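Note that chain A is present in both complexes that follow, paired respectively with chain B and with chain C.
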Partner chain A sequence: MGRILIVDDTMFMRTLLKNILFSGGHDIVGEAADGAEALARYQELKPDLVTMDVVMPKVNGIEALKAIKAADPAAKVIMCTAVGQEQMVKLAVKSGARGYIVKPFQAPKVLEEVKSVLSA
Partner chain B sequence: MKSVPIKVEHEGKWVPTTMGIGEDRFRIDAPLNTEIFYKSVVDLDEKKNQVVITAGAEGKTVYRVASVEKVLSVLKKFIIMQASAYRLNAYFMSPAVRGGVLIQDARWDKGAIAVMKTGIWFVSQEKQVCIPIGDVAGIELTSREIQEKDLNVVKIDHLSENEVVTSFVLCPMTTLQVLYNFLKEATRDSEVNEEIDPLTGQVAMLVYSGMDSSAIENMLKLSHKDLDAIYDRLLDIGLAEVLYVRKEVQLTPKGVRYISDAVKSPIN
Partner chain C sequence: MFDEEGYRKLFVEESRENHENIVSNLLALESGDDQQTAIDEIFRSAHTLKGMSASMGFDAMEHLCHSMEDIFSLIRSGQREVTASLTDLLLTCTDTIEEMLDTIEAGGTPSDEQSGGLVQELRVFTEDAPGEAPVEAIPFEAAGTADGRPLYSLSVAVDPSSTMKDVRAMLLLQNLESIGTILSTTPSREAIEDGKFDGLFEVLIESEAGEDALRTVASGTEISLLALTAASSPAVLPVETREVRPHEAVQEPRVTKAEKNREIKNIRVDIERLDRMMNLVEDLVINRGRLEQIAKKHGIKEFDEALSMVGRSVSDLQNLMMGVRMMPLERIFNRLPRVVRDVANHDGKEVELVIEGGETELDRGMMDGLSDPLLHLIRNGVNHGIETPEIREACGKPRKGSLRLTARRDKDNVVIEIEDDGAGIDPERLRTKGIEKGLMTPDAAATATKDELINLLFEPGFSTAETITDISGRGVGLDVVKKTIESLKGTIKVDSSMGVGTKFELVLPPTMAIIDVMMVHINSMRCAIPISNVVEVAQTRPEAVHRIGTSETILLRDQILPMHRLEDMFGRAQKSDTLVVLQNNGRRCCIVVDTVDGQQEVVVKPLSRLAGNCRGISGITIPGDGDVVPVLDVNTMI
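== the complex of A and B ==
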């Protein structure tokens, strides 16, 4: 089970992810609503894994991912985006993302992906 | 025509027999003693180790055949490639996304697509994938980055073993448009034409994600009664179906007596 930081600009998606991850026995150590806050929270909390929305105000998810990887190359980040933005996958993977989930998502698959990234 | 052992449904029973699989037809031996041309097949469906073949001008003759995977695979391939169906050569990726998780090693398969009465078949050298039309949740003509180029694809969302799966089809734009229109028409019954308010939409999204009633009530700060009303709306417009009815109970005098007694002499 892991200590997870959830990054998404909508409270609805953060709450949904929090419920899914909590039901899988994970500990939600923090939340952030944009990329800049994500980096600060990451450095403060040192989570085992981050779920990162791609499209966010101020600093977007890809930029936040790059900043987190620059600060901690071993950081485990799963990107999370809406249907139709799958083209971002290559960019995210190139920037160091370990996994990718597409909204809308289903709880069992999200938990499988998180488990797989945490155990890698 | 090489003969292989199969079982065929005959007068409500599964009967062992043999089948010949030829280039343009297949033969089912006694008790059916019949030859069927692949081009007369109008529908093909599959269930665990079984295929259901519908043939004939009016599609009235149905053959249920059970056999090992290898035999069914050869038979299905001949049928898909020659049956009376809308068919095109294309690249397909299925599944590309499962339950919202992108399958990172998914790749494009070169093959053919056949749209039959009840299902869309993808067939390549290695794969045979059937998407039942009734399980299609969405059809979209969109673009996808392939080998660093944005190319048009048809995106098909469908249900598979209670998971939402996304598959993609890639072929020249003119064919793609025809395929899109064809599939759109075939799945017209599942289109959503009703106005859905934001709260009902959020509930639908949470149900999709696998949240149960109590999780939804907590997340959206809804009462049991409010959530029931939203569920009724989802049921009315056909967006949801009842999985089970949750019971809320209160104790009878007998129940109260049991609890009172249990408190006096606690059971470990």
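== the complex of A and C ==
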């Protein structure tokens, strides 16, 4: 079970994800609503895993991912994405994302991915 | 033979993909980034096209692709340089291939006449190769295995239900790389990363981590390891290299069982059918409104409940249909790099086109209309915006101009920006030009603000370029661009600073079919105003109305607004103390109405061609009671 930071610009999505992760026994240690906040929260909380939305205002998920990876190359980041964003996800994977989950979230898939990335 | 028609369709479809791949990589090659990948890609696509056209018996096309492939095999082995003239020739070849594909799609067979000359020209490039014969030597990637690290061959399947198989595969390959060196994959890594595989792939990896570690890594989410075998010698390697050998047998039957049984996840639907479905959904929306009104009259509880269920389904269906009709802007963005290249070459300019946000989606009905204006603005940017390299250097700018095309979703709108870092628009020149063309009196021009001057660009018959070039001046001016954008219910804005550049901003609704409107009564007639244009509803007193010349204005919250009574459309409003303040493109006016009835989501239907172009009306809508109500076109009013 891991300590997780959720990054998404909508509270709706954060809540949804929080409930799923919570049901899987994980600890939600923090939330961030954009990429800039994500980096700050990451450094402050040192979570085991980050779920990162791709499309966000100001600093988007890819840039935030890069910033987090630059600060901590061992960081485990999972991208939250949607059908149609394949290119962005590929970019994210090339930038060091460890996994991805697809909206609309399916709890078992989300938990499986989180577990697999945490244990890697 | 086989069922030719069925194959023909598939052939055209896949050939177009390969054709596009060649074009985009030729352009990439010229821009200088990652030459090797581009060369490999072109080679691969030319090879595929050759193979496919040979299988279909389209000899002319096969010969042409074969010649292109030959050239690229020389370029790959370093015996040829990619020169500008060669790129030009190759681009001409791609144009011909496109023509051939059009011919094939129309049911014909391409002829040697279409390609004969080109094949000859290409031969000139291949034949004056320096002495040595084309070498097939493909560097043996496995050279590093000499140190005797264990080799494994993995056979992996991505879960068919995975949403992004390619990404899943990429992640796996990346994880594998953390514990070993991947020597090759089948299909090639590029193909896998592009999603061009059927869910199954093989990896040859050199690793000291041991079988167990490999097994763990290779059984992640949505991934199952089908087989893991220790590969003894690098001799098993050249799985992948086979494909790149020129002149080899064209196509191998590669239909495996897995492929045959593959579930069909996507189907192609004719656009016309989608449009018909959309029309039906619109009718449903209208009739739902009618039912709701009937229900209100009778107040039967059971009926209301059933209706609300139906209503929800209709809403869901409507949203779904809108989603289905959405297409990523990439579809039209993809043609633009070629345009930029051609215009830049023609003008002797160096331009880099940066495209961002191609994944932003727009209704396909809008997409068709947007294509030409975009093309025009992009051409304009290169043609009139960006300076020649010499002038740029003299101004202390980099030789290469930059043209940025970005798209993004902003709340309810899609925003597209075209921005160049060129010379910018000179307001003084607009001033003189405006007087010259009779668009402004000298007095008006003398006091005109920068914004007013820049808006002259959108006036019919205005062109600031000294001479009309054959590329950007096709008799289409920015006025047409503006009209087209406005007909799509969008707005266009331009912002320019001298010496820094010019930016055009298009703001478009993602779809035109369903909008929120405010229903009002004017002279007892109903009329709908798009909510996006409504600023506020206000009350007024007769003494606040002032007459300036023939028009009326009103002082509202310290702002003077022109006031329209729309008498020519609806007759005079009976009471005239209710105003609706409208806004378009930052400018405001107000209209007088009898009553405001409320806000409603409606389906806007375009006016029939028979009705012609009715100024002031953008379409009609049919609310629940079955009435036909005009929708006000605020663009033309302000």
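Heads up, the rule we're going with is that the second predicted complex is superposed on the first by the 120 of 120 C-alpha atoms of A that agree within 3 Å, B and C clash if a C-alpha of one lies under 4 Å from a C-alpha of the other, contacts with A are read in each partner's own complex, and residues count from 1 in each chain.
The rule is short, and it goes like this: a contact is a pair of C-beta atoms (placed from the backbone, for glycine too) under 8 Å apart; a residue touches a chain by one contact, two chains touch by 3 or more.
Keep in mind that this is a model prediction, so the values were computed, not measured.
K.L.:
Now for A:99: first (chain B), second (chain C), both, or neither, which partner does it touch?
P.N.:
both
K.L.:
Please indicate which partner A:19 is in contact with in the superposed arrangement: first for chain B, second for chain C, both, or neither.
P.N.:
In the superposed model, A:19 contacts chain B only, not chain C.
K.L.:
Figure out whether A:108 sits in contact with chain B (first) or chain C (second), or with both, or with neither.
P.N.:
first
K.L.:
Tell me which of chain B and chain C touches more residues of chain A.
P.N.:
With both complexes superposed on chain A, more residues of chain A are touched by B.
K.L.:
Have a look at where A:43 lands relative to chain B and chain C in the superposition and call it first, second, both or neither.
P.N.:
neither
K.L.:
Check the residue A:10 against both partner chains and state whether it touches chain B (first), chain C (second), both, or neither.
P.N.:
Neither chain B nor chain C is touched by A:10.
K.L.:
So, does A:120 touch the first partner chain B, the second partner chain C, both, or neither?
P.N.:
A:120: touches chain C, not chain B.
K.L.:
Using the superposition on chain A as set up above, list the residues of chain A that contact both chain B and chain C.
P.N.:
On chain A, the overlap between the chain B and chain C contacts is residues 83-84, 86-87, 89-90, 93, 99-100, 102, 109, 112-113.
K.L.:
Please name which positions on chain B make contact with chain A in the complex.
P.N.:
Against chain A, the touching part of chain B is residues 97-102, 104, 142, 144-145, 150, 163-164, 166, 202, 205-206, 208-211, 215, 219.
K.L.:
Which of the residues in chain A end up touching chain B in this complex?
P.N.:
12, 15-16, 19-20, 23, 83-84, 86-87, 89-90, 93, 99-110, 112-113
K.L.:
If you look only at chain C, which of its residues touch chain A in the complex?
P.N.:
Residues 163-164, 166-167, 170-171, 174-175, 193, 195, 217, 220-221, 328, 358-359, 361 of chain C touch chain A in their complex.
K.L.:
Any idea which chain A residues touch chain C in the complex?
P.N.:
Going through chain A, the ones touching chain C are 81, 83-90, 93-94, 97-100, 102, 109, 112-113, 116, 120.
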